[in-house]
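Below, each structure is written out as structure tokens.
Next, two complexes with subunit A in common: one pairs it with subunit B, the other with subunit C.
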Partner chain A sequence: MAQTVPGRTAPPQTTTPQTVTSAVPRPWEDPAATPFVRVEGVTKRFGSFTAVQDVSLDIYRGELFCLLGGSGCGKSTLLRMLAGFEDVSAGRVIIDGRDQTGVPPYLRDTNMMFQSYALFPHLSVEKNIAYGLRREGLPRAEIATRVTDMLSLVQMQGFAARRPHQLSGGQRQRVALARALVKRPKLLLLDEPLGALDRKLREETQLELIKIQQSLGITFIVVTHDQEEAMTLSTRLGVMTEGRIVQTGTPHEIYEFPRSRFVADFIGSVNLFDGRIAVDGTDSATIACPGAGMDIHISHSVAGTVGQAVTVAIRPEKIEMLASPSGTRPNAVEGRVEEVAYMGNLSVYHVRLDSGMIVRVNMSNRSRYDDDVPRPGASVVLEWDGSAGVVLEG
Partner chain B sequence: MSGGGPLGRGALGRALARNRRRLVIAVPLLWLGLFFLVPFLYVAKISLSVPAIARPPYLPLWEWKDGTLDLSLNFGNFLFLIQDRLYLAAYLESLRIAAISTLITLLIGYPMAYAIARSPAGRRNLLLMLVILPFWTSFLLRVYAWIGFLKSNGVINNTLMALGLIDTPLVLMQTDFAVYLGIVYTYLPFMILPLYANLARLDGALLEASADLGARPLTTFATVTLPLSARGIVAGCMLVFIPAVGEFVIPALLGGPDTLMIGAVLWNEFFSNRDWPVASAVAVVMLLVLILPIMLLRRVQAAPEADASKAEDAA
Partner chain C sequence: MRGVSRHRPLLALIVLLGFVFLYAPIVSLVVFSFNESRLVTVWGGFSTKWYVELFRDSQILEAAWISLRVAAASASIATVVGTLGAFVLVRFGPFRSRALLSMMITAPLVMPEVIIGLSLLLLFISMEGLIGWPSGRGMMTIIIAHATFGAAYAAVVVQSRLAETDLSLEEAAMDLGARPVRVFFDVTLPGIMPALISSWLLAFTLSLDDLVIASFVSGPGSSTLPMVVFSKVRLGVSPDVNALATIVIALVSLAIIVAALLMNRRRPMR
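Moving on, here comes the complex of A and B:
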């Protein structure tokens, strides 16, 4: 029988896995909140090439903000302007109320974790981490304490005397993080921090990075090309293409409420139905989609004129695939299964509609047996709710 | 049929394959042995013999007479080097001139190598070409050209007098200044090229990381750039210092009667005094003096990464 022994602490409770965003307030929704980092109409030109074009961005204290985009979209250049490695061609950067124009990197309260880690090859792990503190001229004893604390934070206690070339990729990543964090920057800039790690290590490190960020309360700006990483890490993210930020929002907002075809297509996979507004009522609308051979019903009004070209974006997991029509959903269309890709947790089906259009449908594999699943060639009905589709400007 | 038995060509082939590494090294070893070690041993032999008015101008080291091998080693030449202050002075002067020239070459060459390494990739090859370009004309010709510049009615003095800056010509020729100028000018490419090779490999992200961590440009240079280019500095300095110690042409042409370098002493002993044994002794001692820096160079080059963490301690 379990008895409570006086003076003995209760056994540690199993902590329920927290959703990452739940603990974080949402200052960007508060009009009175002052942004910690303000990017005001920043443009960066290299000769005739414009790398960053008129970007404005407000980032709040304690946020983990991701800049997401493909290679060459300007995300790294924007980060380098925040660090002070590049001058702005136009506009200005304000960090914690101070205009950073003309402030060199060594005078900024920011630190950066480099994509290549940029660890000093001639210095030990310990001296790499201590480097920034020594530049501040702190007493040796304090430097030693802070380096030791940092080594234990990134779980590298046993490696203080090693040189960078004696470490694995994951260990170097930890040292780079520790070196950037030890100065207690107001703002930490991370350029593809997990890019060089293999998939499994990357997933572990993502969660660890969030934990460290929350425990230290430092504002992080992370540049990444990996949309999954951006979704997992960020409080909010900005999607960049061709030097511009096309949408800013929480991962949920970006995924479920994309504001353009580009964002809908870039994040996750999506079915895009081109059409025109046929009916726009007060709380419903109908989009005529000749390409799909059907009218798509939407359960809210769309701000547009009848006849206007629009695109309806529907995520593959929002579509139900049935053997026969249920009659309960406003949208239903017949098709034939063309291909099935088994991914383990779910299967991706390519269904060809009678009009010839291919629609992607995701179904989670609840059963371990594949007796009931539709096979290529099977006739199916695809159904979705009126709220499933996002109407985007053509 | 598999080719050859254990004693056939297969066995020879296997033996060759097994010893291929040794064979590869054997070629340069043979070259060095034939063209460096043998002549050096010959010089060493002469340095231990007695000078004589003869042809060759020294007595043989050994003689076979009546069943006796007469071996006489004359260390008098080496003792003479110690006794006559001239030689020690010449050695020290050579080392001093070579060391100062090397330092000046480093101070000029480092910024040049750094600038070339940091210039746009397209311009680097052009700049390197300009560094190597002087090698396309004869070394002797280039030193003579300097005489044209430095002599009392040369380009420099004429220009300064025409500008009215001086009334009487400056004495530039036959001075230590002219010797330093000649050595620095001649050996600068040997300093720039290894430094460039080293600095071009320096990862720019390291400099950015240093700045990001709060280091001003000079601190970054002292704590990152300099320690990481230590190997290039050592290589460049050795390439300049070693030949500069034995330099003969430049002090002979540009230097004055006071310029006492060991190369000139060597020349005088051989050709003016025809004292081959003492000249050989001078050469042997010079080699021993130079072996020290060469061994230092080898040690630095063999180390996996120059242990420059001490530099960080000092900073």
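Moving on, here comes the complex of A and C:
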């Protein structure tokens, strides 16, 4: 697993622009704050297969934490251990100060929203939502009020008597959310909550989910394989691969300051330039990249040793594409446009450098007309600033 | 579509012949049960007198009553035992001797009835010698015998239903505060109920139809309906047996139709 070159880029806090989600408090930056959910060195083995390996994680009250990873990375297994459906093989899970080892799911203060929604097919919407409250033995009147409140929270007032199979996918998703929320859990676990919805509905529901989470103040842990979803929803996210968490941070930190090639590559798209440290000064560095046929200049120290193998990761939107060199940026390289993928709001250009390497560049389509845009075959100059690239170990 | 329609007359003929082959005997039996004449092969006009006759025959009525009680009891036992077996096969994951258990549960489906009947008879006799139960042969031994092979059918039917149920439903119930027993009655049982009903009906029907196994394990005074019919027919076919057969056919087809409908009523999950 690649690690950061010691003394990596400027600390994220100083450069973080205020995003929507950063309006909520950031307890993870406060050393005095006690985590609400504490995962301590948790390992899960199935026979000889290790699904989750030595994962430690602190999640704070009111967070919307996303576990992001490809299929089979262990994110769902971790969630199921929090819910109590799987025992931990090693380590422990503490929720709100209480060790959850050996506590069965029906005694935990967590609720889960399942990927398949798992609505009881033989019960109406109303009875589905009331099921958890009935198990608590609450008085009928209170159950009725709370179910009605939940139905209006998820805007399903008119559907109380319907059976799950009479609902659309989006409606079932709302009922599943209501059923999981109605017990007022301390912690809500959501397994791919929007996975079954189509794109448009998913985007709307994401914002709605954030709104509900903030209005109820319940801590959410969401498992998803969709990086856009994770970026949109989360206060912080943890990137998982092969049973481990490789990086946790705010969406901004994860995107702009990945600590490994894997994270840089997994989140969004990125150009990776392999090279070696040629010069490492106090506030600048040069990375020799023979593959790209150029030296990449970095506007800060990388605090490595000269000759050390590193990778410079540069996001496609950080690269400027020009017809002729501007002479104002420290990094410039010539190339030829090979392919253009028109995406509507932006176009992705594949530019072949003279060295043969392909570099992806994004340009937003500000003009409605395509007279000025480079076409395949056009000679261009790619330029970027000294702060555009992230230097990663090997 | 065009290829099919070109062969359509031939196809229709084959289907027709198939149905005739299968159902002509049954249809003739039903028709002749309404025959006025005592001669089974000569049509003497429409009459329901054999049905009236049938319901005056106390031997047949008594046998029918025994058969119904045996079928109901053995179907109930078979469904419970078969469901337990299905649960072990589907839910207990891979365990040693799972394949063996699976094979042995389904073995009675293919085992010749004569062998099942004989082996059970020998078992009952030696059990009586060893522990004094079941004392003699009678309704109890027929019920046990029918429950044995009925359980095999029930296990197969419930197993397939159980294998396709969504485990996350049970997890959801548990997550919402239901203890395992509660989960079983609230979620699992409603989910497999159609399979339970259809396997009960299947076991009931099989028990009602069985002649061979019942002949082995029955005792004096516990002749089932098929046994009585068989002995009557050996003395010569009388039209009231046709009437009885018609009633049985009606009941059995009704049960099979209900069972099939229940099995095919797929829950529209998605």
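In the analysis below, the second predicted complex is superposed on the first by the 373 of 394 C-alpha atoms of A that agree within 3 Å, B and C clash if a C-alpha of one lies under 4 Å from a C-alpha of the other, contacts with A are read in each partner's own complex, and residues count from 1 in each chain.
Keep in mind that, in the parts below, a residue touches a chain if its C-beta (ideal position, glycine included) is under 8 Å from a C-beta of that chain, and two chains touch if they have at least 3 such contacts.
All values reported here derive from a predicted model rather than from experimental measurement.
Student: Please determine, from the superposition on subunit A, whether subunit B and subunit C clash or fit.
Tutor: Result for subunit B and subunit C: clash.
Student: When the two structures are overlaid on chain A, which partner does A:112 contact: first (subunit B), second (subunit C), both, or neither?
Tutor: Touch status of A:112: both partners.
Student: Who does A:165 touch here: subunit B (first), subunit C (second), both, or neither?
Tutor: A:165 sits against subunit B and subunit C alike.
Student: Touch test for A:255: subunit B only (first), subunit C only (second), both, or neither?
Tutor: neither
Student: A:179 in the overlay: touching subunit B, subunit C, both, or neither? Say first, second, both or neither.
Tutor: both
Student: Scan A:127 for contacts with subunit B and subunit C and give back first, second, both or neither.
Tutor: Only subunit B is touched by A:127; subunit C is not.
Student: Common interface residues of subunit A with subunit B and subunit C?
Tutor: Residues common to the subunit A contacts of subunit C and of subunit B are 83-85, 104-106, 110-112, 114, 116, 118-122, 131-132, 135-136, 165, 179-180, 183, listed in rising order.
Student: Show me the residue ranges of subunit A that touch subunit B in the complex, using the header's touch definition.
Tutor: Touching subunit B: residues 83-85, 104-106, 110-112, 114, 116, 118-124, 127, 131-132, 134-136, 163, 165, 179-180, 183 of subunit A.
Student: Please name which positions on subunit B make contact with subunit A in the complex.
Tutor: Subunit B reaches subunit A through residues 203, 205-206, 208-216, 219, 223-224, 227-228, 305-309, 311-312, 315.
Student: Please output the residues of subunit C touching subunit A within their complex, sorted ascending.
Tutor: That would be residues 166, 168-169, 171-179, 182, 186-187, 190-191, 267-269 of subunit C.
Student: Which bits of subunit A are touching subunit C when the two form their complex?
Tutor: 83-85, 104-106, 110-112, 114-116, 118-122, 131-132, 135-136, 165, 179-180, 183
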